[in-house]
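There are structures below to look over.
The following pair of complexes shares a single chain, chain A, combined with chain B in the former and chain C in the latter.
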Partner chain A sequence: MNFNAQHLIIGLIQFIIIVMLAPFFAGFIHKLKQRARGQKGINIFQFYINFNKLLKKELVLSKDATFISNIAPYIVFVTYLIILLMLPAFYRYSLLGISSDVILIAYSLALATFFMTLYAMDHGSAFGGLGASREWFLTVLSEPSLIFIFISLAIFTKQGRITDIFYVIQKGAENAFLTGAGSSTVSVAIPFLLFISLFIVSISENARIPIDNPETHLELTMFHEANILEASGKHLGLYEYGSYLKLTVFLTIMSLILFPYMAVNIYQIPLAFIIYVLKMIILCIFIAGVEIVNPKMRVFRVPNILSVSFILSLIAMILSIRRF
Partner chain B sequence: MIMEKIAELFIILILVSVVLNVSSPFIKFAIKLYSFQSLMLAFYILMGAVHFNSINLYGSFAITIIFKVILIPYFLFKTLKKVKMDKEINMYIGIPEAVVFAGSLTLLSNLIAQKIIKTGITFGSFVFTISLATFLIGAMLMITRKTLFSQIIGFLTIDNAIFLAANSITHGMPLLVELGVLFDLFVSILILSLLILNLRRNVAS
Partner chain C sequence: MDNLKHKGIFRYFFNFLTILSAAFFTVLSIYYFKSEFILQSSFINFSFKFNALSLFFVIFISSVSVFISIFSIKYGDKYDDKPSLFIYSFLFIISMLILVISNDMLTFLIFWELMSIFSFLLVIYEGNEESRKAGFLYFLMTHIGTILITAAFIMLYLKTSSFSFDYYKGAAGIIILAAAITGFSIKAGIMPFHTWLPYAHPVAPANISAVMSGVMVNMAIYGILKFLFVFSSGSDSFLGIVLLVIGALSALLGIMYAMAQKDIKKLLAFSTIENMGIIFMGIGISYWARVENFQSLEYLAMAAVLLHIINHGLSKSSLFMGSGLIDKYTHTRNMEKLGGLSKKMGQLSVLFLIGIMSISAMPPLNGFLSEWYLYISLIGSVFTGNLYMVYFSIIAIALLSLAGAAAGAAFTKLFGITFLGKPRTANAENTKKSHIIERIGIALPVVLCIYIGVYPYQIISSLNAVIFYLTGGTVNPNPFTAVRALKVHSFSLYAPLIIVAVFAVLLLIIFFYFKIFASDKKRVFETWACGLDEKNPKAQYSGSGFSSSIMKVFSSFYSSVSEIDFERDVKKYFRSKSVYTEEVNDIVEKYIYIPAGKLYYKISEIFNKAVNSANINVSLGYLFLTLIVCFIIYIFIIR
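Now for the complex of A and B:
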């Protein structure tokens, strides 16, 4: 009884910390990009202030809007919250860890995208339909690689839940490091392939620069922004916070692939938390670097890079099947 | 144990660079990727040399670095500068289709390699799979592209794949054989670049 209560409390604390940190990581990337361009840059906590401001603003809906517009922002936001409840960021027993199936995570992401595009079309503006079709163009291309990444992780470790997958990898690495013996769950090549593949997918899903530029409102370049162009007030706030949460979901999975270290008992938590924040900051610097170096890509060249990500995850899956 | 894992990473990087090569229409990038791919091959040979402590493999490492990483890309860049070509325009199939086709070739080579491994002639099954996949993708690159430059890159990729396969089956070829092969390759690149220049001069309007 005592043991389960501990899991419950620490899982809840972990969830609250990740949700609270999400705008900080997005703001950190934004600040880095602005400093690299020679600008002074925003306050690093600006996105918290924006969210607070947007919650107080009046909500305006189109006269064509149906009930979908009223529920869609909440569904999108709550879906990302549920995915974050499943992820073992720095504590192994996350709150929904028992139902954190990899397929469920992949399709929950698709569910959120579905309701966001419904919201975009519900308002009856021309930009909404345009944004929705572009968003699905990207999602359809990046979903196979996401599924393959998750499936190859599952085959590699013979586990179905994301908490167990990374725990098995962590155990294998620990054993190999301590005893020097080879183990079937230690590999350099498979995490490397999965990391690069997931990096490309997360750039496309989170509307980052080589594929989309979230800072502009130019109709020719809009992917993600065209969907939430009609949103205002509380709805816009929820969508913006949802996009930070989505970024955090992808960064957390990438950080777990990069270096899985999860606390098993209460004494390891401070170290695990410090390692988690360090990994996230390194990944933020990496993403900001990619965004600074690359120009925005032409839309019809996007399938090229996404197909590369698909093939890399396919090769990773072949390699993980070969281990049997 | 850790050496094996790092060698695995080098081999994977060879395959990744070939896939990237298929996905990009830029010739300069393709030559850079070829140089990188040869560097990874050289590192793999070096790890084998350290492991078996064989002088042949050390020699093979040095030759690969000199010819494949430095000299051949240098000549290709020089020819490219004279021809003033930067992008592959003519392709029989589009890039995404070609990349997915490359993935299916990898699957196919995995199936074939597992049959061959059962005969027991190889000791690195993983290396053999990757070299077969690289071989097939290089051949596909030669078939689907129309300009001579991309076909040269495909030819060089096939050569790298054969090198890798030879290293997976034996403990390194005799140095003399390797030197002969590399010299042949080098001369063929010289002839092909001369051919490109002459074609350009005679045919281009």
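Now for the complex of A and C:
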């Protein structure tokens, strides 16, 4: 990989655009869900307004809070930013693409979970402990399939960096499309399986409906919300924005598996950007659709659906091993 | 000892002596690097040799024991009444230091045995029922291990008719290796042989637990490395796969049991089993690749092993020292009785947090580095295309990723329940601040953890000498390009320094953004408790509650017995109390060790009935029979 000033600058611009877009995707899903239920729905840009409002608000800390409460929101937020910095979205290079190892991404997600759950337990509230416990319950179940998804991508393309992984997939698809000849990096089955598997993991990691419902504050249903129940002001703002970023991370990876098209030079960027946004909107519609048609699931039925995701990623890995 | 005026004299003397002798051994092994010498006495010759592997272990043992000695200069003051602790721990550390430089089998076995005996004396140091029971189990298990190791050495002797390690190169066949590995696995606490470890490590004083968990278990790894990479004839690749699978199972089960514990030190002891499993996985891959001639994979997995030895030693010893401080100042190790320690022990909680992040492999700390190397080795072994290795590596990846996530959960529980929230009992509330020397002892390994995690290039290039000694090759010191050798394009991906720098820049940006756009108003108020004004700290989430949902899903790994006891004749909402007890048992212990023990008793009872009778004539008859048998053996076999 070249240390090219152009790549770094476009990588930075790409990062800023994705970070700016993140609340829009979350808001779009929310709006879709509300319209489908027959409600009028929020403004699509409501989450930007919310974030700004939260920054202006007073910060209320618990009497029992320790240094964890002061650092955790920042660490969680910055960890998601770092992961976004590693991801390519519509340009082939990203700013941290040089160190965008797939295992590093998976473990960084665990780091964010670690600090968020410590924050939850910091206030001595039973809700926090419950949220932390459930969050780790989900993480323990979804981490193997997430790592399997990443490693089967790595094995499939013989690359370790996520930027290179998707570039190789894109190249293979391009070649196959132009020449009609299959090569070792073209497959329909593997991305398909990985997509479904990652979709399930995304739903569980991003607190979406069959598994969690971020809109309610009921102790029986809370996963993610219970962790940040005590957060207020800018801390809550950081957590909220962090959850949009996490959603965007997963959606972006899914969009790249779904249709790997990234600009390799500066002239392709407008087209690549439009395709990226289109893909993201389609994925948002998918997620909203799943959220609308499904009721929330019992907690101890969640392992079933996550093990389906694990099995699918295992099959994908076996298929990708067969290719060499 | 009571009449001594200065009670702490033993403590100071022996801790300083440990520090001095650690420094002495380090200097000795650097100065006499690659030379050997023999100490002759009237009946036995002790021969020593300083090679790269022993230098690595000498530096590792000395640095960790120096940290622990600094810690126990102050921590040990509660053991002043019985200063044998300091003498034994000094001898314990010295015997380990000599063990790794010994160059013949008698020296090795003598110091191996001395190490086991001194650690046994330290396990039973407290002298209560629990420690005696644990000590007995430890003594038994460790000697079964020693028997196997001795058997392996005797077989080597028969093969080469020499005591010196120099003649053992390439001499060990599969039977010798199997005996030695089984023997050393018992010491390392690998899964089917781990039962002694969670009993013996927690009952010893915390500074000793730190040495045992951080250093002593690695002596077994030293032995295995010596046998597999120096003595082995190198023909049985399936041994590598066996090690990989056993290691992966240990890693998963170790951390799953760690999650179920209430006792802080017991949790840490189970986590030692997990980390030993991770080291075994690396050794397995490296050995397999050595036999099957995948050189770069071999070097890479070896780098993972050596790095993980260092990382685990540093973080585990710091965590055990921290748990010792918790025990000392709150008088309990049960995390259900703690909570909110972060208020009174602020600096300790920061150190503990970093230790926890390191051991649960959170980037960018050192624990992640070695786990990342192991993942890359696993992916590399998938790329080899060998049918068996591919199959078992995939299983190992699955188990390792599950273990990684479970480690996060277990250590979040440890930190969250112990240090955060409200104090659950008066013990936790009335804790005092620890002494500065104690905290320095913990801070030194923690600082090294951060250093290795963020700037690993130096340590990996130093490790290359050891990797070269064991495997004949080196890895690139830059994790950034370390993996390029795997014949896979650009498989080079982790630059911790860049990540940390970008992290800091982003934090600064957010900080300034918030300075400008966010409100600075802050209010401290009590936690919302649904409008109840009850001040019951027990209403917080408990440690067993934290892990119960995960344990429920993986219930087949545990054999837990839970029981709710309440007043049955009172109606549901009017009961004054209900008692919930839960006991998590080890399945290996329950289904293998206890039946085996029962079987042993049964057989010995039958034997006892048959052989032992009160009749003196029968006994004399047996004596006569024995003589005849001995005579026959002498005539027909020995002569």
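Just so it is clear, the second predicted complex is superposed on the first by the 321 of 324 C-alpha atoms of A that agree within 3 Å, B and C clash if a C-alpha of one lies under 4 Å from a C-alpha of the other, contacts with A are read in each partner's own complex, and residues count from 1 in each chain.
By definition in this document, a contact is a pair of C-beta atoms (placed from the backbone, for glycine too) under 8 Å apart; a residue touches a chain by one contact, two chains touch by 3 or more.
All figures in this text were calculated on a predicted structure; none of them were measured in a lab.
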| item | value |
| --- | --- |
| Contacts of A:Ser187 with chain B and chain C, given as first, second, both or neither | first |
| Which superposed partner A:Ile253 touches (first chain B, second chain C, both, neither) | neither |
| Touching partner for A:Ile315 - first (chain B), second (chain C), both, neither | first |
| Broader residue contact with chain A after superposition on the shared chain, chain B or chain C | C |
| Touched partner set for A:Ser133, first chain B, second chain C, both or neither | second |
| First (chain B), second (chain C), both or neither touched by A:Met262 | neither |
| Which of chain B and chain C A:Ile275 touches, first, second, both or neither | neither |
| Touching partner for A:Ala176 - first (chain B), second (chain C), both, neither | first |
| A:Pro303 touches, of chain B and chain C: first, second, both or neither? | both |
| Chain B and chain C contact sites that coincide on chain A, given as residue numbers | 303, 310, 314, 318 |
| Chain C - residues contacting chain A, complex | 339-340, 342-343, 346, 349-350, 353, 357, 360-363, 368, 371-372, 375-376, 379, 382-383, 385, 390, 394, 397-398, 401-402, 404-406, 408-409, 412, 415-417, 419-422, 480, 483, 488-495, 498-499, 502-503, 506-507, 510, 514, 517-519, 521-529, 537, 539-542, 545-550, 552-553 |
| Complex interface listing, chain A residues touching chain C | 1, 52, 55-68, 74, 77-78, 81-82, 85, 95-96, 98-101, 103-104, 106-108, 110-111, 113-114, 117-118, 120-126, 128-130, 132-134, 136-137, 139-141, 143-144, 146-148, 151, 154-155, 158-161, 164, 229-230, 233-234, 237, 299-300, 303, 310, 314, 317-318, 321, 324 |
| Residues of chain A defined as touching chain B within the complex | 176, 180-182, 186-189, 192-193, 196, 303-305, 307-308, 310-312, 314-315, 318-319, 322 |
| In the complex, chain B residues that touch chain A | 1, 4-6, 8-9, 11-12, 15-16, 19-20, 23-24, 95-96, 99-100, 102-103, 106-107, 110, 125-126, 129 |
